[in-house]
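One chain, subunit A, links the two complexes that follow: it is found with subunit B in the first and with subunit C in the second.
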Partner chain A sequence: MLEVRRLHVSYGGLRAVHGVSLEVRTGEIVCIIGPNGAGKTSILNAVSGIVAPEAGDVLFEGQPIGGLPAHAVVARGIVQVPEGRLIFGTLSVEENLRVAAHRRGPFVLRRRDRPGLRRLFPALADKLDGPAAGLSGGEAQMLALARGLEAEPRLLLLDEPSLGLSPKMAEEVFALIRRLRDQGLTMLLVEQNVRQTLALADRGYVLESGRITLQGTASDLLSDHRLVSNYLGVSAGASLDPASGR
Partner chain B sequence: MIDFIQNTVDGVMFGSSYALLAIGFTIVFGVMRRLNLAFGASIMLGAYMGTWLHVHYQVHVLVVAVTTVACTVLVGIYVERLCFHAVRRDAALASMVSSFVIWMQLEEAAIHLLPERTYAFPGLFAAGSYEAGPFLFRTEQTAMLLLAAVMVGALHLLLHRTRFGLALRATSENPLAAAYMGIHRTWTVLCAFVLMSLAGGVAGFAILATDQQITPFFGLWATFKGLIAMMLGGMGSLPGAILGGLLLGVVEAHALWYLGAEYRDLSAFLLLFAMLVSRPGGLLGQRILSREELAFRRV
Partner chain C sequence: MDDYVITVLSNIGMISFIGLSAYLLLVTGEISFGQQAYFGLGAYAAGAVTAMFLLPIWVGILVGACVAGGIAMVVGALTLRLSGLYFSISTLAFAEMVRLILLIVHVQVEVEGEMVGPAGAEGFHGIRWMFERDLSLAHFMLLIYGLLALVLIVLLLVERSRLGSVFRMLGSDDLLAEMQGLDTVRYRILAAGVAGVISGIGGALYAHFTTYVEPQFFNVMLGVHALAYGLIGGLGTAFGPFIGVAIDIGFLESVRFIQGYRMIVFGGLAAVLLIFMPRGILDEERVHRLKTLFRRRNHAGAQRR
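Presenting the complex of A and B:
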């Protein structure tokens, strides 16, 4: 579905991504993990058209989309839920959702029934008329996700959806991602929460200093010695290993 | 006391057109965080086109009105393409300077169209007045207030009841988030300029139809009044623009009555100075300023 080939991204002469190639197949959850500043967000931004790639190809369903402006990428069905949520605080929750639906329907807005919203985001459904600035961090992340879904993506790019959330809220976000996967949504997920992400994903890429250093299926990565010692820590690795069980 | 009320009412009536000018500035400022300094000159050139038709062909006042508004919108699009679209997105100062230069060009164009100094502008009604109790209302000024109220109502509907208005408000609040949501920035900015010009064209026509004359100073005058009213209310705030415009109108009306005509503009500058010192964000613009500050701190 999505193919990135030898992607380079630079900001004012500073190169953030060095020749990254990756692939997302239909129905998969693919994750990119790696330390802060490794260039994970830059890859997503280059796919969604927020930054123009310096070099390399981005193909979506075989069509080149590298360098297209963001609105054209969204129109093709790639929607990014950005890091830090970036919800519109002065607009109501309902209006936040409608912003994403701007491509759809007539000029004048009509309030539609939202059974899907009530099912996936019960907490939001009761706060539709309130200002989005009044939501808690977890609710704001849910709104960011709901808003992204409102744009009817075929590929959803998720940038650090659990960042800044309590463990309980983060668990809810991951559960939601699982439900979306079960509905057949394809996702490219950037996360620092390595273990929960790999438990969820089909395949993963490890990004360090703008280069992919490791890739494979999620279960391969979870048992990879280097990854375990670098990102999960020794004790975490030990608890992952059923043979060492306590 | 009757004088005071009468002046206040007069001020509100005239201030309604200042409010429209301020709304024009604030819409584009909200979306772009830039000032279109050529705004007044755009209105002036549009109004000169209308006046030119009136002078040469004695067309009906409604034709003058439509011509003024339509030409103001065309000039507004020209300014947007040249000073804002063509200039790089991160070069905010370059945009403002180029809009200042275009101001001169537009004024020159207007003066070439009608080379002498002052021309008659057709009024919507013959100058007249009606009384209500102890108060006296001028017909043209009442028409101006009604026109401004209709325009504000239409703008409100457009901003709150249409997808386009929502896209505009979303872009004003957070351009990056709007881009992630697939909002077409170039198109939204162009539409903001069209709205600005519509508000400006209507304000310009209302003011000129009340004064029933136009001079080459109109562009400068309109830019000043609009900017002052916007700063009073708070940059980027639509309710602020209305409040700022009315406040400016009322203060000017009182200055005119109690101090004399030469103090009218002076009082406006004094008011702006007092506001900038005591409340730099304007009456309703505090939130926007503090958010900008937050953004700076984050960077």
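Presenting the complex of A and C:
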């Protein structure tokens, strides 16, 4: 479905992504894991058209989409849910959702019954008319996800959906991603929460300093001793010694 | 009603058009100092249609609106990739350009033995459609408020639809809007065009109400007022600018003892309001609270029945 070949991304001469190649097949959850600043978000941004790739190809269902403006990429069915729960605080919850429903044209009015929303996001369905600024962190993340789905994506790009959430909320977000996969949605997921991410992903790529250093099925990655020692086994030591995080 | 009251009310109505025009752009996050140009273009175009080509006034208003809207879209396409201050400066420069061009435009035709048409700095005299038909000021006021109601209803419908949310979203984060699949440039040009049309209708009415227009009237102070109406009245609903207009013309203009100090009082009021209510009296939050209140009352009423 999505194929990225030898992708290079730079910001003002500073190269963030060095020749990354990856692939997402229909129905899969593929994750990109790695430390802060490894270039995970840059890859997503290059796919979704937020930044133009410096070099390399991005193919979606065989068609090159590298360098298309972001709205044109969304029109093809790739929707990115950005990091940091970026929602429009002055708009109501329902208006946030309505804006994303770009396939319905500009004159859609408020929708009263949203059975799909109630099923997946019961907490949001009760707050449709409230301002989005009044949502809690977890609810805001749910809204960002719901908004992404409102655009009817074929490929959903999720950027750190569990960032800054309580463990309980993070668990809910992961449960939701699982439900979306069961409905057949293809997802490319960027996360730092390695163990939970690999538990639900089909395949994964480990990104370090803009290069892919490891790749494989999620279960292979979970049992890989390098990954285990770098990201999973040394949580206490990592926070004391910044060097060990690498 | 005496003529003075009708004149003040009509002025409120006509100026409201340019207030709504600037408001629409404020909602999309653009501060335009140039909406007076479209008011002026609408006035000249509509005046030309009725006084020089002797066509009915509705043709004049239509042409005025289309000329203003069309030029606004062209200007929009040229300037909307600029952001913030640069956009504002470009709108101001364009408006001044229009004013200076109107100062030198001399196109007159002979109508019934009289020369009619724009005469540079002397203005455009003889737009007498209304008086040739013995329409009273009160009748014309009804026309003004009829059209104003129409524009307001359209704006309120837009605000209730997805398009309204899209416009508000443009005002807060362009990149995020792009990520929702919105072609932000196209929506900005659309907003500029609609704002131009609204301002142009106001200008078309103005030309026929006063029977003559001159470029000097469409100076930057008109544009600044238009902005202030939205900022004072509030950016949460299209009703906002009316509060601003009502305060400026309705209150300050009619209270005699502050007559000479109108600009000082108005400027001070704008400054104070912007400090305490940065998005105006009817900002998004208050509008939302009012809506909730209204909905709850409706709900309670429905249950009682």
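Here, the second predicted complex is superposed on the first by the 227 of 246 C-alpha atoms of A that agree within 3 Å, B and C clash if a C-alpha of one lies under 4 Å from a C-alpha of the other, contacts with A are read in each partner's own complex, and residues count from 1 in each chain.
Note that a residue touches a chain if its C-beta (ideal position, glycine included) is under 8 Å from a C-beta of that chain, and two chains touch if they have at least 3 such contacts.
It should be emphasised that the depicted structure is a prediction, and the values quoted were computed from it without experimental measurement.
**Q** Looking at the combined model built on subunit A, do subunit B and subunit C fit side by side or clash?
**A** In the arrangement built by aligning on subunit A, the partners subunit C and subunit B clash.
**Q** After superposition on the shared chain, which partner residues are touched by A:L128: those of subunit B (first), subunit C (second), both, or neither?
**A** Once the two structures are laid over each other on A, A:L128 reaches no partner at all.
**Q** With both complexes superposed on chain A, which partner does A:L163 reach: first (subunit B), second (subunit C), both or neither?
**A** Neither: A:L163 stays clear of subunit B and subunit C.
**Q** Please work out whether A:L214 is in contact with subunit B alone, subunit C alone, both, or neither, and reply first, second, both or neither.
**A** A:L214 contacts neither subunit B nor subunit C.
**Q** Identify the partner contact of A:V74: answer first if only subunit B is touched, second if only subunit C is, both if each is, neither if none is.
**A** A:V74 sits against subunit B and subunit C alike.
**Q** Identify the overlap between the subunit B-contacting and the subunit C-contacting residues of subunit A.
**A** Residues 48, 50, 69-71, 74-75, 79-80, 82, 86, 88-91, 95, 98-102, 105, 107-109, 147, 151, which sit in both footprints.
**Q** If we count contacts the way the header does, which residues on subunit C are in touch with subunit A in the complex?
**A** By the definition above, subunit C touches subunit A via 160-163, 165-166, 168-169, 172-173, 175-184, 284-285, 288, 291-292, 295.
**Q** Any idea which subunit B residues touch subunit A in the complex?
**A** 161-164, 166-167, 169-170, 173-174, 176-185
**Q** Using the touch definition from the top, list the residues of subunit A that touch subunit B in their complex.
**A** That would be residues 48, 50, 69-71, 73-75, 79-82, 86-91, 95, 98-103, 105, 107-109, 147, 151 of subunit A.
**Q** In their shared complex, at which residues does subunit A touch subunit C?
**A** 48-50, 69-72, 74-75, 79-80, 82, 86, 88-92, 95-96, 98-102, 104-110, 129, 131, 147, 151
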